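Two complexes, one shared chain (chain A), two partners (chain B, chain C).
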Partner chain A sequence: MVKSYLRRAYSSFAAHVFDIPPRLMAFLFFLILLIIPLAGLDPYYLSIMIYANVLAIFAASWDLLVGRTGQISLGHAIFFGIGGYSTALLFKFFGLPTWVTIPIALLVGCSAAVLIGFPCLRVKGPYLALVTMAFPIILHSIVKWSPLNHIFGGEFGIRGLPAFFAFLPIRQQRIAEYYLTMIFLFVVSVIIYKVANSKTGIVFVSILDDEVASKACGINLTKYKLMSFVISGLFGTLAGCLQAHLLKVSNPPMFELTWSFAPIIVTFLGGIGTIYGPLVGAYIYYILDKYFLTIQLPKLCEYFGAALPREFEYAKLLIFTLIVLILVIKWPRGIARFTTDKLEDLEEARDLDERGPRIWKRYKRKEKK
Partner chain B sequence: MIEEIIIFSTISGGVYALLALGFTLIYGVSGVVNLAHGSFYMLGAYMFYVFGTFLLKLPPVLALILAVVFVGIVSSILYRVTIHPVLGDEVGVMVVTVCLALIFQQLMLLVFGPPNVPVASLVKGSVIILDVTVTYARILALAVSILLFVSLWVFISKSKVGKAMRAVSQDREVAMLMGINTERLYMLAMAVSSMLAAIAGIFIAGSTTGVAGAWIWMHPLALSFSIVILGGLGSIKGSLIGGFIIGYAEQTVAIAAPEGGAIISVVPFTVMVLVLLLRPKGLFGKRIEMED
Partner chain C sequence: MREDPESGKGIREKRRSKPSLGLTMHLLEVENLTKRFGGLTAVKNVSFNIDEGEMVGIIGPNGAGKTTLFNLISGFLEPDSGTVNFEGENITGLAPHKIVNKGIARTFQVVRPFRHLPVIANVMVALKSPRGARKIEWLKTMERKAADLLEDVGISELALEPAENVGHGTLKRLEMAKALATEPDLLMLDEPFGGLNPLETDFLTKSIMRMHLDEPSRGILIVEHKLYALMQIVQRVIVLHQGEKIAEGKPEEIAKNKMVIEVYMGKGM
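Moving on to the complex of A and B:
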């Protein structure tokens, strides 16, 4: 009996995963990610992957809000910073352990999303984008303001946060952190995938496609926009908490524009409006940046007898922004989306696209009156 | 203290209005939310330094003109190459302009390095008005911004090109049917808008801090968009009044509050959010979609 049950489970799994190339790819991707620590990598490489996981969670939450619901947010760093600071403050003033502070921080993030969402949802389009951009800048100045130094720690932030697995030796600690972020990434992407493909997700896409039409269909716009805001804020906060405990510090740069723009760059690398795009983008970003440009390129230069100038540090971000610029102009659907389309039968791809949201296609762009 | 607040806020309000004018102009004409506006401010200050002291050692007025023209040319070329292909896609335009801003920041870091560069003030000396010492540079900044504001207003409302700009902002397709070359008009609007930003950059950097760094684009960008949202996107009158409101609010907090200088960047946004809660389209918002 057990055997037949297992066989049924396997066949349903095969039908749902192995027969659809993108899902097979995603499955293999996760499988590879799971066995990576067993290869005995240097802790440095593992930490690259850890931060890539955190950025992937953060970017996926941005993608749900912008790519699926069409609520342009240029200030997602607010959730990142709120996550980092609320877990840090709870630790600093109440001395709570990590597994208590993070859930409370998530609640704080949700309520912040509601608080920010209400004024934000009165405005739309470019107004919304610019207003959302303002909030992290406000908080950035507040946490740096010197009269509040005894609370937020000023310029240096709150240091000395507990690491996740402080009782393990450093190498095992990295591996444990890797698996922890991996599990979080997996859970978050499954939840976002489920939300995006549920009835609610379809409503989100309808808001993206045509707000007036969905309002005419009797959709409560405020409710669904706020829902998207809260889900997105929740996972953004989670990414902030993880980052704070991994770096053991919460500091003002968490509210900086860099953290608002990072998910945008990463999402456009992978492909906006998909759920897997940001994940792929985050990995591409970190591997290109921290592996090829930081380790391999200097080695290559040394091999040819030339030293990289010190200013090369600044050229890295330049290279990425140039790549994203070219992608947005020439190839607005991103790398991951392109690959999956190539993998599938073209006929089938068109079929899927008609059912699912194919958002970033030139010819569907709304002409401005 | 009251005199101080009034004088300094009038001066900064005028320059802020000039800064916001460029932002609102390009939005009003082409619908582009130009997040690289602060970068043109920064580029103006840097180019003034390059032409004035670093490379050519020209006299300040000549350097100013050269820098402003340079920024205008660069911005219109960039507009044609990068922004025009994604026109009509709001997210696309914002991402492209954000990328441009980051590219400028990194380029400046690459070329000039992280330390700030000095930006010379155009005129020296100061005068005492109502017991407050005001440098001539600040007065010049206010005068120039008022002059530019008035001339741009006249240009938009009276000249043929200005009329074409207003026509395009009302209805692009019909304007095209009337024989207006919208692409060239957009490039012109972009050039004018970035030149205004560059002038504001040279005057603000020269008269207040005297330095320019690779990160100075963020504050002016934030300022200009909060002013513009406060006044209403695409409205010239709105940017003038918004500029003065923000200028007064900012200087009041900077002078009156404890450690006010550090928290100064919160003020524009707080005012903006408060106004938006009451009027979601800003004070004088145009381009109102007839949806609500």
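Moving on to the complex of A and C:
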């Protein structure tokens, strides 16, 4: 009795409060993100959000390539590293300002995407994944190679890059950087979303679904795969540039496997193939990682009188892999899409409510079970 | 073909104004086509021609090499020897998408829809190809053209349904709409009636006939197992057996041909 009342109360609440079209929801999401710095957060928390924004850009670009075009890439870190290193090298050797180096770095990223794409996209499926995985490993060893230390700076990378807003005091700098990455995230996600849902995006999905059939439709697969690779690489490079200037350093870890797997984890968290999924996933990932695992967990351990082992840092990837495994089994379509599906269900239920007798609804519920 | 709306020049008429090919030239000429898979010769020295506006059927028992022949013509397989000429041009060994853009469209025996896309977007993929985009007429959007194509094959009410939700009969017709989107000069249908019930077969037969009347200069090549449905619509039949062409002629002649009966029914009938 009480349970049914509660359920009815919840469903009427849900139907009235969540009665928001998706476009408005996306707008609200960005609005909330815009207000966050005004709440007077600690700079540390703000920097979590900043890096979450960068990862969101990076993961959204991966999602276009893999979730929409079906070209599985396990080496997206290559664009991240190329972005970071090319802006750093341009600064180091030519002393160019940030707003000149980033566009040039984007061009470098695009041409790298074409160069890598041509040989890579000849192979399919798991073979493509393996081939793409090799490229960041090659570049990783090149930038670490000691005879080239005077160019790439070896293990330590290229340090002392200019910050975006060096003229501001440190606290305002964080807020300004937050807004900057926010704007980039907004623009990039809108562009990627528009591309993914354009007529070209339809062709991308057709390649994901059936390559033979899209050939039979007269589609030049190489052209469209390359297009997807270049767009994806462009925004991946942008994320790398931003990261380099935020951390003020470009170092070999940018080419590491962690940066290839981060977008995968984030995209699966949010929902692959949605483009908005990775955005949600990136925030969840960073808040889990940098807040709960870095701040709260040690505190908890201290409370119980135990210390976290130093190796815990390396176990994080394992933890996230486990989370992703559980998610893939439980919610294969990701958190963001799970939510939108729920909203659609509510809408449908309301439609039935308006159009038909209650018995329909009861019948429908039975059918679902 | 869409430059000047005022003078009316350049507006494409409904019928194609392409000059007819010469009397001596065929639409499709297949010469001594051979394909081997290891020790097995799937297609052996097959030659035939198709003229403009002709409807030709290819029949044969299972494993006769019909689908291989289709794949050879449409570029999905490369022949070991022999040539394929289309509209006087050698297209042997070209990439499949290039052949589609030259004007040969095909369907598949097993339906191959794009399952994540709505039905109408499936057709829009074909309209996005160079030839498909060129065939969109003046003052028509891609969506409009796609909707018209779905209307032609009779599935327009399912246009917005995801392709993974619709039935097999619809998917068969969708295959046809996809092939028609590029307005091919030669349409190749690989078992269009496979897995359809008699009612659907009847409907599809009618729509193929209507298609043929709408576009009289288009050649149509059909591979089919349902001989009854096929013999009604085609003008000429080619019989394949173990990769070789054993007979060619009008449907009535083929039905009486001793060799064909032997191949289908076994000796001693």
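Everything that follows uses one rule, which is that the second predicted complex is superposed on the first by the 300 of 369 C-alpha atoms of A that agree within 3 Å, B and C clash if a C-alpha of one lies under 4 Å from a C-alpha of the other, contacts with A are read in each partner's own complex, and residues count from 1 in each chain.
Methods note: a residue touches a chain if its C-beta (ideal position, glycine included) is under 8 Å from a C-beta of that chain, and two chains touch if they have at least 3 such contacts.
Keep in mind it's a predicted model, so treat the numbers as computed, not measured.
S.K.: For A:147, decide between first (touching chain B), second (touching chain C), both and neither.
M.R.: first
S.K.: So in the superposed three-chain picture, is A:321 touching just chain B, just chain C, both, or none of them (first/second/both/neither)?
M.R.: Once the two structures are laid over each other on A, A:321 reaches chain B alone.
S.K.: On the A-aligned overlay, A:122 touches which partner chain: chain B = first, chain C = second, or both, or neither?
M.R.: Once the two structures are laid over each other on A, A:122 reaches chain B alone.
S.K.: Touch check for A:216: first (chain B), second (chain C), both, or neither?
M.R.: second
S.K.: First (chain B), second (chain C), both or neither: which does A:205 touch?
M.R.: second
S.K.: Which one hits more chain A residues, chain B or chain C?
M.R.: Of chain B and chain C, the partner in contact with more residues of chain A is B.
S.K.: Between chain B (first) and chain C (second), which, if any, makes contact with A:4: first, second, both or neither?
M.R.: Neither partner.
S.K.: For chain A, which residues lie in the overlap of the chain B contacts and the chain C contacts?
M.R.: 212
S.K.: Give every residue of chain A touching chain B within the complex, in rising order.
M.R.: Touching chain B: residues 66, 72, 74, 119, 122-123, 125-127, 129-131, 133-135, 137-138, 141-142, 144-147, 211-212, 257, 261, 264-265, 268, 272, 311, 314-315, 317-318, 321-322, 324-325, 328-329, 332, 360, 365-369 of chain A.
S.K.: Where on chain C does chain A make contact in their complex?
M.R.: 74, 76, 95-97, 100-101, 105-106, 108, 112-117, 121-122, 124-126, 128-132, 142, 178-179, 181-182
S.K.: What residues of chain A sit close enough to touch chain C in their complex?
M.R.: Residues 199-200, 202-203, 205-206, 208-210, 212-221, 273 of chain A touch chain C in their complex.
S.K.: Which residues of chain B touch chain A once you look at their complex with the stated criterion?
M.R.: Result: residues 27, 31, 33, 35, 82, 85-86, 88-92, 94-96, 98-100, 102-103, 106-107, 109-110, 113, 171-172, 218, 222, 225-226, 229, 233, 258-259, 262-266, 269-270, 272-273, 276-277, 280-282, 289, 291 of chain B touch chain A.
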